[in-house]
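I have a structure I would like to understand better, so I am pasting it below and will then ask my questions one at a time.
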Amino acid sequence: MFQGRDIACERGERRIFTGLNFVITPGQALVLRGPNGCGKTSLLRISATLLTAADGALTWNGSDIAENPEGHRANLHYIGHQDAVKGALTVRENIAMWAKIRATATDHTEAAMAAFDITHLADTPAQYLSAGQHRRTALARLVASPAKLWLLDEPTVSLDQAGTECLQQAIATHQAKNGMVMAATHIELGLDDAEILQLKPQ
Amino acid sequence: MSIHYFANPTRFTRLAGRVQPWAAGLTVVLLLIGLYLALIEAPADYQQGDTVRIMFVHVPAAWMAMFCYSFLAVASAIALIWRHPLADLAAKASAPIGASFTFLALVTGSIWGKPMWGTWWVWDARLTSVLILFFLYLGYMALWEAIEDGQKAGKAAAVLALVGAVNVPIIKFSVDWWNTLHQPASVMRMDGPAIHPSMLWPLLIMALAFQTYFVTLLLARMRMELNLRRIRALRLAERTS
Amino acid sequence: MKIFLAIISRDMLLAVRQGGATFLALIFFLLTVTLFPLGIGPEPAILARVAPGVLWVAALLAAMLSLDRLFQADFEDGSLEQLTLSGLPLSLIVLAKIITHWLTTGLPLLLAAPVLAVLLNMNDEGFEALLLTMLIGTPALSLIGAIGAALTLTVRRGGVLLSLLVLPLYIPVLIFGVSAIDAAVHGLNAKPHLLLLAALTVAAIPLCPWAAAAAVKLSLE
Amino acid sequence: MKIFLAIISRDMLLAVRQGGATFLALIFFLLTVTLFPLGIGPEPAILARVAPGVLWVAALLAAMLSLDRLFQADFEDGSLEQLTLSGLPLSLIVLAKIITHWLTTGLPLLLAAPVLAVLLNMNDEGFEALLLTMLIGTPALSLIGAIGAALTLTVRRGGVLLSLLVLPLYIPVLIFGVSAIDAAVHGLNAKPHLLLLAALTVAAIPLCPWAAAAAVKLSLE
Amino acid sequence: MFQGRDIACERGERRIFTGLNFVITPGQALVLRGPNGCGKTSLLRISATLLTAADGALTWNGSDIAENPEGHRANLHYIGHQDAVKGALTVRENIAMWAKIRATATDHTEAAMAAFDITHLADTPAQYLSAGQHRRTALARLVASPAKLWLLDEPTVSLDQAGTECLQQAIATHQAKNGMVMAATHIELGLDDAEILQLKPQ
């Protein structure tokens, strides 16, 4: 269970939000919504420990994550606005490399490429990909190495209909295995029984 | 911006407002006495003649150059470890003052060097390390300028200041480690000063004057910076409401 | 440890793929040293006199110039935040990157230095000292440089700021390196200088990754 | 013409905003020149002997290092393609950027050179020649460098590749520049060298923007 | 009238599409649709003369644009995947700067900020913007200086509902003034009577 209590966020000496509470239980998805600039990205980055909350505490199964941030990080996947895909490497190399850095026991690279329908691009250097193909390569990381919590920041950007369906399928499988998801989005993600957290601009 | 951020600084502003005029007054008095003693009272050197009087500016300036950097490094450490907002401010405010003293030491040294050594500049260890100190100050200030977000810039600059602090002992002991043209320490050394009192006294008074001048400037700059930050915070609050 | 090695092998792979970085840092070193005889003139005595200084200055500059490779590309495409999330402490991640940097710049410089020393007419006594100082000193260049590279991450086109921050910190390495070679060339004992240089490198090994990690953390906020 | 000036004023504004680029190229020049006496040792005679070479090599390096500012940032954030679409011929856009580059690097170097010449003990006869060669030569550095900067645009972190491409092209500037100063220092006639240098710059003015524009076009494809 | 005849595109020695035809008349919008990697971005870049077509010709009111590419460029706005927004400049400076470079007679910067509802951010340096605010700043260029043809590559990326409406409004005004639009998108843009060009993967 991943929980945030009374989270406040400050950026550039300005309060973005305060007193924010949320709970994600295993198998559940939480969707962040709200207008541009209300702090969705900031909340996701706080959850990934990339940003420090100005106030409040995050807990993982009851224990404060500030006590063991490295342990928390190994438990999660974060997909941000940037794809972290290297143009000089092929699609397969990109995915396999991140799986290796996540110290995965078994290598799910092929399954990951299949899940996002980019197997035919496996040997293409990533610099030749179109925007959507690039995004799929980034998303394939989710499947290539398992993690309990997925933090997704506008994951469907640049994806076509088929790509969005691949992502929905991946999320459903993840939830079925008791995985947790926290996603920020402006358009309908089409997740079943996802809870919605509406952020309000201050 | 959180409440505790201002609680302390507000008290500081009040206190600083009270101390500052005293420090300023003391600076003027000490400078007047020091300059009188140095330029009129003190005897001309039997070797160097009247050029020796440059010493009364050069040496205190050189001391201040090193002192300011030490101050900067300590303040940075406090800012980094205890996250004290005033320490951050003090570090930022002291950098340009220190840079100016360093520049003054360099310039007066050069002016002194021309009659003494026959050139404006030699690449000896002490002179070079002071020049490097000057670059360190510049780097520190440039880093503050280059990063827009004030809090981030403060932390980044603090890391740099601490790393750069290794240079201070190098300057202090350079004359002992390498044989150089430059004078070894004759005042601040382990076995007491080795300089005639008629020169020692004006030197010490000038040094004290520079010190109080530093305090005055530091307080003024810190208050100015605090006010700037307040204005920025107000503007931000306005914009978002 | 597995992750640590995975990061090093990833960085090496990228270095090799992206236009042979190894090869190019070396080329810069060779070119800068070659510029000097052109600028100073060909007299062997003068060249030999300035050789240790020119070699070390060129090495310093080559190392410094390749510093922006250390974090910048990874920062800009989001890889750095992904690395942070690998579960390894950030200072170890930084150390892994420093090691790759040394393997792709310090090591090639070390190997090329003797050839250039011959070109600059350095005498044989200096050779051994040159190699030793390079071996001991270049890791310090990568270590110290990492701090500067991390501090200038959020600064767009921070290249020149980077040099302002890093070069003053490199100067002790330069001074001890050159004085060791000079001592050897003149038949004196180079050991004290080498020991000082070694002390510097050893002190940098724990301190620099820690400071650089703090700076990286800041830039991701 | 209005667009041309708009581009120059935009680039100057950005240069000033982004960490005072002007100030920093200068600092690199100062720092590199400072490194040499540290490496070579303090003897005034030797320093005076190598001064013209050291100054020009440092100027070359400073100009080269700031080349990546020329197009890279604009390329990465999409501004370069927007500039291309401004309706001005691409070679003029490139020329505008070259002019800004000279204003922010060449000019400050020119102004700082005399101070450094004093530090390096150069004699008074060399001064005028130094200033003249810098005035004539630094525009050539910006012009030639633009080609290299444009060619390495698509190469990620092309810094070292850039130097490999550009430094050989800079060598004529270095040679004529140094020989003009050397001639003046030894009381000889510096004019032939200065004329050669001027010829080089004049030839570069039409050729370089055109070649650089072709390279920029390629990298946008 | 902007017309493409028999356009073919080749990237990395691979044909992406061939024999593509389209016509955009004044006041009309053309929406490009198709799965990831089918060549939408490529077609837009060809139309902007940023990419050279492998075959075929583009004409503007009947005359070949290859004869006067600079003239064509001055006629169009291209908004790509990258925002061309400088973090060191404020929002207003960013927009005004591009208007100046497009040599606009009158400065519409304020109107542009109002059109995309970023007037309250006018003095914020762009590096502090959220993803959506950043995108709005890029889009404001469209209004800040007039151009007959708008080439938009997935313009709604990162925009919230309100932002999307601002864009729709801007496009409608543009069309009402006889402007032309060519836009690639995966989600519904909500343009009235837009023609659709469906690209097929080869």
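Chains here go by letter, A, B, C, D and E, matching the order in which they are written, and residues are numbered from 1 within each.
Basically, a residue touches a chain if its C-beta (ideal position, glycine included) is under 8 Å from a C-beta of that chain, and two chains touch if they have at least 3 such contacts.
This structure is a prediction, so every number in the text was calculated from the model and none was measured.
In this assembly, E is the chain whose CA centroid lies farthest from the centroid of chain B.
For this structure, the chains sharing the highest number of C-beta contacts are C-D.
In this assembly, the C-alpha centroid of chain A lies 30 Å from the C-alpha centroid of chain E. Put simply, the C-alpha centre of chain D and that of chain E have 37 angstrom between them. Note on chain placement: the centre of chain B and the centre of chain C lie 32 Å apart, centres being C-alpha means.
Chain contacts: chain C has residues 18, 76, 155-156, 158, 161, 164, 167-168, 171, 221 touching two or more partner chains.
Each of the following residues of chain A touches two or more other chains: 12, 81, 88.
Shared contact sites, meaning residues of chain B that touch two or more other chains, fall at 132, 135, 138, 142, 146, 149, 240. By the touch criterion stated above, chain C contacts chain A in their complex at residues 2-3, 6-7, 10, 13-14, 17-18, 76-79, 81-89, 220-221. Every residue of chain A that touches chain C in the complex is listed here, in rising order: 48-52, 70-71, 73-74, 76-78, 80-86, 88-89, 93, 97-98, 100-103. On the chain A side of its complex with chain B, the touching residues are 10, 12-14, 54-55, 202.
Listing the residues of chain E that touch chain A in their complex gives 11-12, 34-37, 41, 81, 128-133, 136, 154, 157-163, 186-187.
Chain contact summary for the complex, chain D toward chain C: residues 18-19, 21, 24-25, 27-28, 31-32, 35-36, 38-41, 46, 49-50, 52-54, 56-57, 60-61, 65-66, 68-69, 72-73, 76, 155-161, 163-164, 167-168, 171, 174-175, 178, 182.
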